[in-house]
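Each of the next two complexes has chain A plus one other chain: chain B in the first, chain C in the second.
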Partner chain A sequence: MDTSTRNALCTILLLAVLAAVLYVFQKHGTEYQIRILNNMAIFITLAVSYNLVNGFCGILHLGPNAFITIGAYTSALLTMSPAEKQLSFIIEPLIWPLSVIQVPFAVSLIAGGIAATFFAFLISFPVFRVRGDYLAIVTLGFGEVVRVLCNAMQSLTNGPLGLKGLTPYTTLWWSWGVAVFTVVVITKLVNSSYGRAMKAIREDETAAKAMGVDPFKHLLLAFLVSAFFSGVAGGLLAHLITTISPTLFTFFLTFNLLIIIVVGGLGSTSGAVIAAALFAWGGEALRVVESPMNLGFITIPGIPGMRMVLFSIILMVVILFARRGIMGRSELSWDRLFTALRLQTKA
Partner chain B sequence: MNDFFQLDNLVMQFGGLTAVKDFSIIIEPGELVGLIGPNGAGKTTVFNMITGFLTPTSGRVLWQGRDITGWPPHAVTAQGIARTFQNIRLFTDMTVLENVMVSFHHTIRSRFWKAMLGLPSHKREEKRIEKEARAFLEELHLGHLADEKAGSLPYGQQRRLEIARALAARPKLLLLDEPAAGMNPQETMELAKLVREIRDRRRLTVFLIEHDMKFVMGLCERIKVLDYGITIAEGSPSEIQRHPDVIKAYLGEPKHA
Partner chain C sequence: MTATILTQQFINGISLGSLYALVAIGYTMVYGILRLINFAHGDLLMVAAYAAIYAVTLLSLPWQISFPLVMILTGLFGILVDRVAYKPLRDAPRISLLISAIGVSFLLENLAIVLIGGVPKGFPRPDIFARVIDLWGLRIQVLTVYTPILTLVLLMGLLYIVHRTKVGKAMRAASKDFETTRLMGINLDRIIAVTFFLGSSLAAAGGIMWAMKYPQVNPFMGVIPGLKAFIAAVLGGIGNIVGAVVGGFVLGLGEILIVALFPQMAQYRDAFAFAVLILVLLFRPTGIMGEPITDKT
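On to the complex of A and B.
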C-alpha cells in the first residue's frame, strides 16, 4: 500500500469517527454539549478561513467580523418567512424583494457567503493599496462601518432591534459539515501553487513580484475565499443563537479570532483547528471564573468578562514566550504521525 | 532598430537627485554584458527601471518590439526578463524546492478553484512543476538541498539559489545584481563558470552588475561604466581597463568639483 492510499484511508477513518461522535451527541448529548460542539465547528471554520489571510499571506486584516455580520444577516433574512419578517420589522418594513423571499437553509448559507464575498471584493481595492499597519486600520474601519450600517439601515436589518426568533437550523451535521469542507478546501489551496504564491508574498513581496507573482491577484483570492467561508459561518452562527443584532459581531469577535490563530500558530491550519476547538471548549468551561467563588475565608463576587481577561493573558504569554504558537507554521499530517510512530517503536 | 532589448535614454530622478541620466543600451540575443561603476552610481536603479520596480522619469524600455516601460514587475517577468537582488531576497521560511516552484507559478493554467477542489488536471500541473523545479536544482548543483529551508543555507548557496529561482521563471534575459558579492575567490570562480554554462546551454542573454573586476573582465564580452548616473565608458574589457575616465572614476580623482 503506498502512502497516498494509506493517507486517504486514514482520513476516511477519521471522518467516520467524527461522524460517529457527532451522531452519538446529536442523539444523546445534552443541550450544553451540543452547543459547545457547534461552537467548536463554527470557530474552526472562522479561524481557518481567517488564517488564510493573516497566517498564509501575512496580512494583518482586522475586519472578519464585517464578513460574519453580512453572512449572518443575509442568511437570516433569507430563511425567515414573509410573515415573520412582517412581525419583526415593526418600525420600518423590510424592503422588497427581501420581504417576500424565503429559501432553504442551505441556499441561505451560500447566499450569506456570496454576499460577504461581494462586500470583500468592493473593499479590496482600497484595502490592498496599502500594507502593514495601514491595512490593519483600513480593515478595522470597514468592520466598524458594517456594524454602524446594521444599526442605521432599519429597512434592511431592523436596526438595533435585530432579528429574533430564527429557526435553529444549525445542527451538528451542518456546522461540522461546513467545518470539514472549509478545512479540506483551504488546505488544498494552501498546498497548491496558489498557496505557494501567497506564502512567497508573505516572505518577501518584492521577490515574489520579481518571480512573476501578482500580489494583488493573490491577496484578493485569499481575501475573497476567506470572506466566503466567514459569511457561511455567520449564517450558521445566526441559526445557532437564533437572535442577531448589530452588537453581536463587534471587533471583540475579531479579537477572539486573532487570539485563536496566534495561539494556534499563524500560518498553520492544524494549529487554527486545535486552537479554535480549545477556545470554544474553554469559553464554556471557564464560565466558572465568572461566577461567584467561595474560597472558604472569602467570597469573590462573579466578575463578568473575566474569561476575556484570561484569554488576553494567554495571548500575551504566547506572544512573549512562544511566539510561534502551538504549531508554528507546521501541520499535522498522516506522514508525520506515522514517522513519529515508527521512531517510537524503534526506540 | 534592434528587436530584442533596448533601453532608450532612461532617466531616473529622486526628488532633486538624478540617479540615472540618459542611459541607453542595445543588447543582442546571447550577449553577456556587464554594468560597473562606483557605489551609488545608479546601477541597481537601471535594473529597477527595467523590471518595473521603478518607473523611469523619462525614456523607454523596449523588449521584443514592445514598449514595456512602467509595466508592473510580475508582468515584466512573465514577458521573459528575470532578475536577482543585490541583497539576497529568498523566501527564507520556504524550502529550496518551494522557492524555485514559486517561479513556475506564472505558467500555471488551471484556475484556483481547481486547486481548491484538488481536481486531477491541477494535480498533473503540480507534478509537472515539481519535476521541472527539481531538474533546475540539479542543474545548479542544489538538488541535494531541495528540502532544506532556504534561510538555513550557507551564503554562497543562497546566491546560487537566487539564480536558480530567477532561471526557473524561464527568462530570455537574466539580470544579475552583484551575484558574486560576499563570495570567496573559489566560489566566485565557480559562479563565473556557471553563468557562462547556463548562458550557453539555455541560449540566455545576461546583463550583470558586479564590483569584482576580475569576475566582470573575465566573463563579460562588453561592459558599460556608470558614474554618478552618467555613462562614462562602453566597450570590451580591455578597452574599459585602459579608459582614462574609468580609471579616474575608480581611483576617485576629484573631478566633480
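On to the complex of A and C.
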C-alpha cells in the first residue's frame, strides 16, 4: 500500500470516528456537552480561518469580529420568518426586501459568508496599503465601525435590541461539518502555490515581490477566504445562541481567537485546531475559578473575571517564553505519525 | 445655530482635543523609538484614574500632591510594562511584540475587574475644577479651560526635554537609527525607559483630566480614548510630538463640531475617528506633519 492511499484511508477512518463520537453525543450527551462540542467546532472554524491571515501571511489582522458580526446578522435576518421580523423590529420596521425574505439555513450561512467577503473586499484597499501596526489598527477600527453601525442602523439590525428568538438550527452535524470543510479547504489552499506565495510574503515581502509574487493579490485572497469562513461561523454562532446583539461580537472575541492561534502556533492549522478545542473545553473547565470553592473547612469565594486574567497571562507567557506555541509552524500529518511510530518499534 | 453656541462647542472641541493630544504624545514617542503601537497605553489612563481615586480617598492626600504623585507612579508603571512585556521581545518579530502589547492591555483591564470590580467608581473631583465661569456670555466649566492650558504647559516641558537636554538628544538619535545610537555609547535601555516614563506620565495627566471630565471610572475607560489618541497620533504624523498634539486638536474639534453641526450624526460619533484614520491612510499615510515612514531594521 503506498503512502497516499494509506493517508486517505486514515483520514476517512478519522472522520468516521469523529462522526461516531458526534452521533453518540447527539443521542446520549447532555445539552451542556453538546453546547461545548458546538462551541469547539465553531472556534475551530474561526481559528483556522483567522490563522490563514495572521499565521500564514504574517499580518496582524484584528477585525475578525467584524466579519463574524456581518455573517451572524446576515444569516439571522435571512432565516427569520417575516412574522417574527415584524414582531422584533418594534422601533423601526425592517427595510423592504429583507422583511419578506426567508431562506433555508444552508443558504443563509452561505449568504452570511458572502456578505462578510463583500465587506472584506471593500476594506481591503485601505487595509493593504499599510502593514504592521497600522494594519492592526485599521482592522481593529473596522470592527468598531461595524459595531457602531449595528447600533445605529435600526432599520437593518434592530439597533441595540438585537435579534431575538432565532431558531436553533445549529446542530453538531452543521457545526462540525463546516469545521471539517474549513480545515480541508484551508489546508488545500496553504499547500497550493498560493499558500507558498503567502508564506513567502510572510518571510520577506520585498524578496517575494522580486520573485514575481504579487503581495496584494495573495493577501487579498487569504483575507477574503478568511472573511468568508468567519461569516459562515458567525451564522452558525447566531443560530446556536439564538440571540444576537451588537455587544456580543466585540474585540473581546478577536482577543480570544488571537490567544487560540498564538497558543496553537502561528502558522499551523493543526495547532489552531488543537488550541481551539482546548480553549472551548478549558474555558468551561476554568469556570471553577469563578465559582465558590468548598474545601471542607474553608470556602474560597469565586472571583468573577478571573478566567480572563488567566487567559491574558497564558497569552503573555506563551508569547514571551514559548513563542512557537504548541505546534510552531509544523503540522500533524499521517506521514509524521507513522514515521514516529516506526522509529519507536525499531528501538 | 448662534455664534455663542458655536464658540461654546469650539471650546469643548479644543478641550477634548487637548486630552487626545496628551495621550497621543505617549503613543508617538514610543512608536518613534520602538516602532511599536503600545496597545496598553490607553489602559494607563485607567490605571492613573484609579490611582488618583485611591490617593485622594484612601490616603486622603490633597489633589495638589496626589495628582503629580500619580503621574510619577504611572510613569514608573510604564517602565515596568516595558521591562516585563516588551524588553524580552526586542529582537523578536514585530507581530509578537504587538500581541504582547494586546496581552498587557487585556491583563490590566481584567486585573482591574478582579481587584477593583467592574462597577464604575465616582471620581473625587476637586471643587475648583467643577466651578462654572461666565466668559463673555459663555458658561464654561473651569476644567474645560484648564485642560488645554495644562496640555500646552506639559508640551512645552516635553519639547524642552526632547530638544534641549542630552537625554532628549539621545531619544531623537534613537528614533533615527537604533544601532548607530548604540555604537555611540548610549545606553538604549535607559533611553527607552525615559521614553516610557515621559509618555506614561503624560497619559496619567490625560487620564486624571478625563476622569474629571467624565467622572465615571471603570476598567475599560481607557480603551476608546486610547484608540482615538492613537488615531490622532497617526493623523498628525506618527513619531512627531507636535504632530500628535495637532492631530489631537483636529480630531477633538472634528468630533465635537460634527455632532454640533449635524445632530442626527451623533450616533456615528465613535465611527468618525476611524473614518478619518482610513482616509488618512488612503491619501496621506504620513499624516499632517510626518516624515515618510521608513522601515527600521
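Simple rule for what comes next: the second predicted complex is superposed on the first by the 340 of 347 C-alpha atoms of A that agree within 3 Å, B and C clash if a C-alpha of one lies under 4 Å from a C-alpha of the other, contacts with A are read in each partner's own complex, and residues count from 1 in each chain.
Here is the rule we go by: a contact is a pair of C-beta atoms (placed from the backbone, for glycine too) under 8 Å apart; a residue touches a chain by one contact, two chains touch by 3 or more.
All of these numbers come straight from a predicted model, not from anything done at the bench.
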Pick one for A:K199: touches chain B only (first), chain C only (second), both, or neither. first
For A:L149, using the defined touch cut-off, is the partner it touches chain B, chain C, both, or neither? Pick first, second, both or neither. second
Which holds for A:L315: it touches chain B only (first), chain C only (second), both, or neither? second
According to the stated criteria, A:A208 is in contact with first (chain B), second (chain C), both, or neither; which is it? first
If we overlay the two complexes on their shared chain A, which of chain B and chain C does A:E84 touch? Say first, second, both or neither. neither
Between chain B and chain C, more extensive residue contact with chain A: C
Considering only touches as defined above, state whether A:E284 meets chain B (first), chain C (second), both or neither. neither
Looking at the overlay, does A:R329 come into contact with chain B only (first), chain C only (second), both, or neither? first
Would you tell me which residues of chain B are touching chain A in their complex? 51, 53, 72-75, 77-78, 82-83, 85, 89-94, 98, 101-106, 108, 112, 115-118, 122, 125-126, 129, 165-166, 168-169
Given the complex, residues on chain A that touch chain B span 185-186, 188-189, 192-197, 199-200, 203-204, 206-215, 221, 225, 329
Along chain A, where are the residues that touch chain C in the complex? 54, 58-60, 62, 123, 125-126, 129-130, 132-134, 136-138, 140-142, 144-145, 148-149, 151-152, 255, 258, 262, 266, 303-306, 308-309, 311-313, 315-316, 319-320, 323
Within the complex, chain A is touched by chain C residues 31, 35-37, 85, 88-89, 92-96, 98-100, 102-104, 106-107, 110-111, 113-114, 118, 227, 230-231, 234, 267-268, 270-271, 273-275, 277-278, 281-282, 285
